[in-house]
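What follows is a set of structures for review.
Each of the next two complexes has subunit A plus one other chain: subunit B in the first, subunit C in the second.
Presenting the complex of A and B:
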């Protein structure tokens, strides 16, 4: 079979996968990880039935169910839901404020050369401050309340979002601006009809990328000074080595982050269909 | 006073002359085609007429008035690429100039007034053969369809002067021929003045009533950038519209001969392979 081998090789690099093949290939790493955990958990409990480090799936499910459905003795809250609401609220306000700053500054920097000359180096410098290092300053200035946590998210994400939006404005081909001017557009109309509509999808992308560090800042701020929230909870129960709560919480946070990302992506595809016509998008 | 008058115009970038001693008068209703080797400044000249760039020296007047220092609706433009707005559908691209004119603050109309505009451009859509594609975005159109849209959009403002910067450079030959027909028909119908920059000499002969060649007349082999380009040929092309097709065919043949002559004259051979 002289012709057989190249064909097989070609199939490896060029073959089209059916949906079911793709899904099952994608599931393999997950299944392997879960299996490895199950084996590890089983082996540890063979040695010590009271092992807390790798609790069995059933125990984690029970603990998680309890957090979700049994009111807390002290506060009477369903802790999972109150933690989730608190954290998502902080995250949402933080990202929304950062988006507002990013759009207004981004358009000004990208579209007005004078503003670009005066603000671009400043934003570039600010964006390089490791946000966690200013958390103590935020706590001192804004106290230990909600404001300092939201500010950490804003300061941690707004500068990079601003830079990427300013770049998106700069990337609008000069020809389009000229063309719009020959169609009678003034500066304000240019911003509204040519610039802003074209950066909305970039804003969604910037928010999706900003959410990654935003989660880190949220959990950090909650871990250090808070009385509720997903980050507060996992750092609280850490004292009791409560892996049966920590691991489901980590999975829950991951699921929330993933869902938010997918929702934003789906929103962009629906609202800005023109931006998703060419090429693949993640 | 001629319609477009260019007087002793020169352009240099950081002391490097690009264009020098440009003098040109264009009559109203003329179709001027501009050719020349790459880098000879023909696109720079078009950008001067558009006010996208300004001359280092000299004056340009349009209908007796000095041209404004910003691009304005009295001069329409079609570029080779990026001429239509990717975030607007075909219809939205066409009503944009009307919206800009009627809504000074937002540049956008809503509801019944917007609907009225959409009906207003229906005829244009049919005329440029995009009626079936009115809800598509530019990314969903072929290159030829995009350029038809770009031309129609530019003409909506009824510009005194239509500027075309290699508008058909990226199109297939067959499509290009259709575009020529459309453009000539519109030009004859509206009677506007056109200035078109092109790489394609046959196209320049076929479409123009006047052909202009840009080239460097002075050349210093030790300092190739020492001198700018200027107008070296200015050929009136007689082309009564009734005989257009015959003459167009004849001039395509003539163009091949001239093509070779011009490329000799413009040193394209010396520089190596032309584009």
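Presenting the complex of A and C:
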């Protein structure tokens, strides 16, 4: 560290930040992005006051407010809320089914060597197939209604969630199993008393990670054939470049996704305190 | 990195990203390099041929300019790119021109009226053979597209309303796959998807665009300001287009190099392409296109279209009537708000082709 100043250098990697510094540092990229948008939007509107590509903030707020509070001319629904309810419903069912599959298969694969030998390569292979590419087959099997949308989410998330839960089961120290066995536990008791309690927090983590592809598949499914939902709305109004609706919808989806993630995280910290004893977590 | 250099680089980044978002062309100015875009459709395949065969370069050179003709894989995206100012012209239908660039404030001129759909768009029912049977069904179509417009016009003829059925927005890429599932019983779509779906057993075409001839029009739209400042751009495009039209019109039978090239580019063979042309009323002769533009019926058509767009809430923000976006027609006739004319049917350049003045 020739010529360097160890004290300041150390501060870069070890400094404890005050809450306000942390918040303002975190805000910088957001502020820059918003400023870049404002400048770009202004320049475009100097050229064409009716520019649709980068609408001003006021117009987006109006459009969003209208979607949230003014009943639709055709259906009489408040579109934002009906879209949100439809999408969250599909997402919820999809993730719940994926979690169920992940727990049952994950425990079997992680705990029973014979099942692991027969299923692990299969699950690994399936997890690599992009579900969108086999869409016509999914249509034939599951129809074009709600089922195929939910199945797209399940297929897109269950394999990776299964793999991470199976790994979590494998990671349980062998000694614990042996100890329980010496105390007379049978296989079912082992699963119930040793394995499951330890993988619940891992399931929450797997769900949080699974939500990322789940949103992508939800939006794609709604873009393909639908009568409502957040993805449906975005792809519908894209036909006439209504960015004043699309941008607030994207922000709304981001907010929903972030909130879901934080809720799961908070739930995990509360319910499985023992799993969050050490280290920072995201 | 000190805070100062950090904020400096942040400012540079900000400037750069703002510059990326800033308008690119569509400026009122004299220029020599132009870009137009098109997407795959039977009536627009000539644009690809014009670029590939060198016809475009030939005419552009004559007028001392360059014109690049770019194919874009997604139709709506191509119109959006044009509207955002990325291209000086783009092929689109009369309806999409009114709802996207014109309602978005981009003054747009119909430079070349290429054709109208004469059976290329249609409604197919599974297991039923009368249009009125569509009542109560779920209908799969690309919402807010010309298919949706065709459905609205068809429903008028049997005294039904859109509220009598459920419209399911379905991506055109997945339309054929969707039709193979049992729960899809009726679709509205365009060729080549239409003929593919019609060929399934027990499928009946109950309405098609030949029953509303001349209402779904395929046009090369250009930016009005760019055209006004650069007449050579319009002349070069029109000259190249009618060169290709002359070639196409002459070709009959199996000896058809231009048509074959277009067929191949659209992923079919000569027979398949000719079948699609049969349901497309091409204006090979510029005189026919000029007559079509001058016909009063075009005004009625655009009235229907504006009403349809207004009913579906897509005639732009704050549009309080179907007249919000003004349109101009030959002979000084107008439709809608004359203070906000954003779509112009102007046969001037096609007339030059008729007069041999190019």
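Just so we're on the same page, the second predicted complex is superposed on the first by the 276 of 282 C-alpha atoms of A that agree within 3 Å, B and C clash if a C-alpha of one lies under 4 Å from a C-alpha of the other, contacts with A are read in each partner's own complex, and residues count from 1 in each chain.
Convention: contacts are C-beta pairs under 8 Å (C-beta built on N, C-alpha and C of every residue); 3 or more make two chains touch, one makes a residue touch a chain.
Here the structure is a predicted model, which is why all the values come from computation and not from measurement.
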Fit or clash - subunit C, subunit B, common subunit A: fit
Touched partner set for A:61, first subunit B, second subunit C, both or neither: neither
Which superposed partner A:193 touches (first subunit B, second subunit C, both, neither): first
Contact breadth on subunit A, by residue count: subunit C or subunit B: C
Touched partner set for A:136, first subunit B, second subunit C, both or neither: second
Partner chain in contact with A:271 - subunit B first, subunit C second, else both or neither: neither
Contacts of A:32 with subunit B and subunit C, given as first, second, both or neither: second
Touched partner set for A:212, first subunit B, second subunit C, both or neither: neither
Superposition-derived minimum Cα distance between subunit C and subunit B (Å): 39
For the subunit A and subunit B complex, residues of the former touching the latter: 173-176, 178-186, 188-189, 192-194, 197-198, 272-275, 277-278
Of subunit C, residues touching subunit A in the complex: 10, 13-14, 17-18, 20-23, 26-27, 76, 79-80, 83-85, 99-100, 103-106, 140, 142-145, 162-163, 166-171, 174, 177-178, 180-184, 312-314, 316-317
Touching residues on subunit A, where the partner in the complex is subunit C: 28, 32, 35-37, 39-41, 43-44, 47-54, 59, 63, 73-74, 135-136, 139-140, 143-145, 223-227, 232, 235-236, 238-242, 244
Residue ranges of subunit B in contact with subunit A within the complex: 50, 52, 70-73, 75-77, 79, 81-88, 96-97, 99-101, 104-108, 137, 139-140, 153-154, 156-157, 159
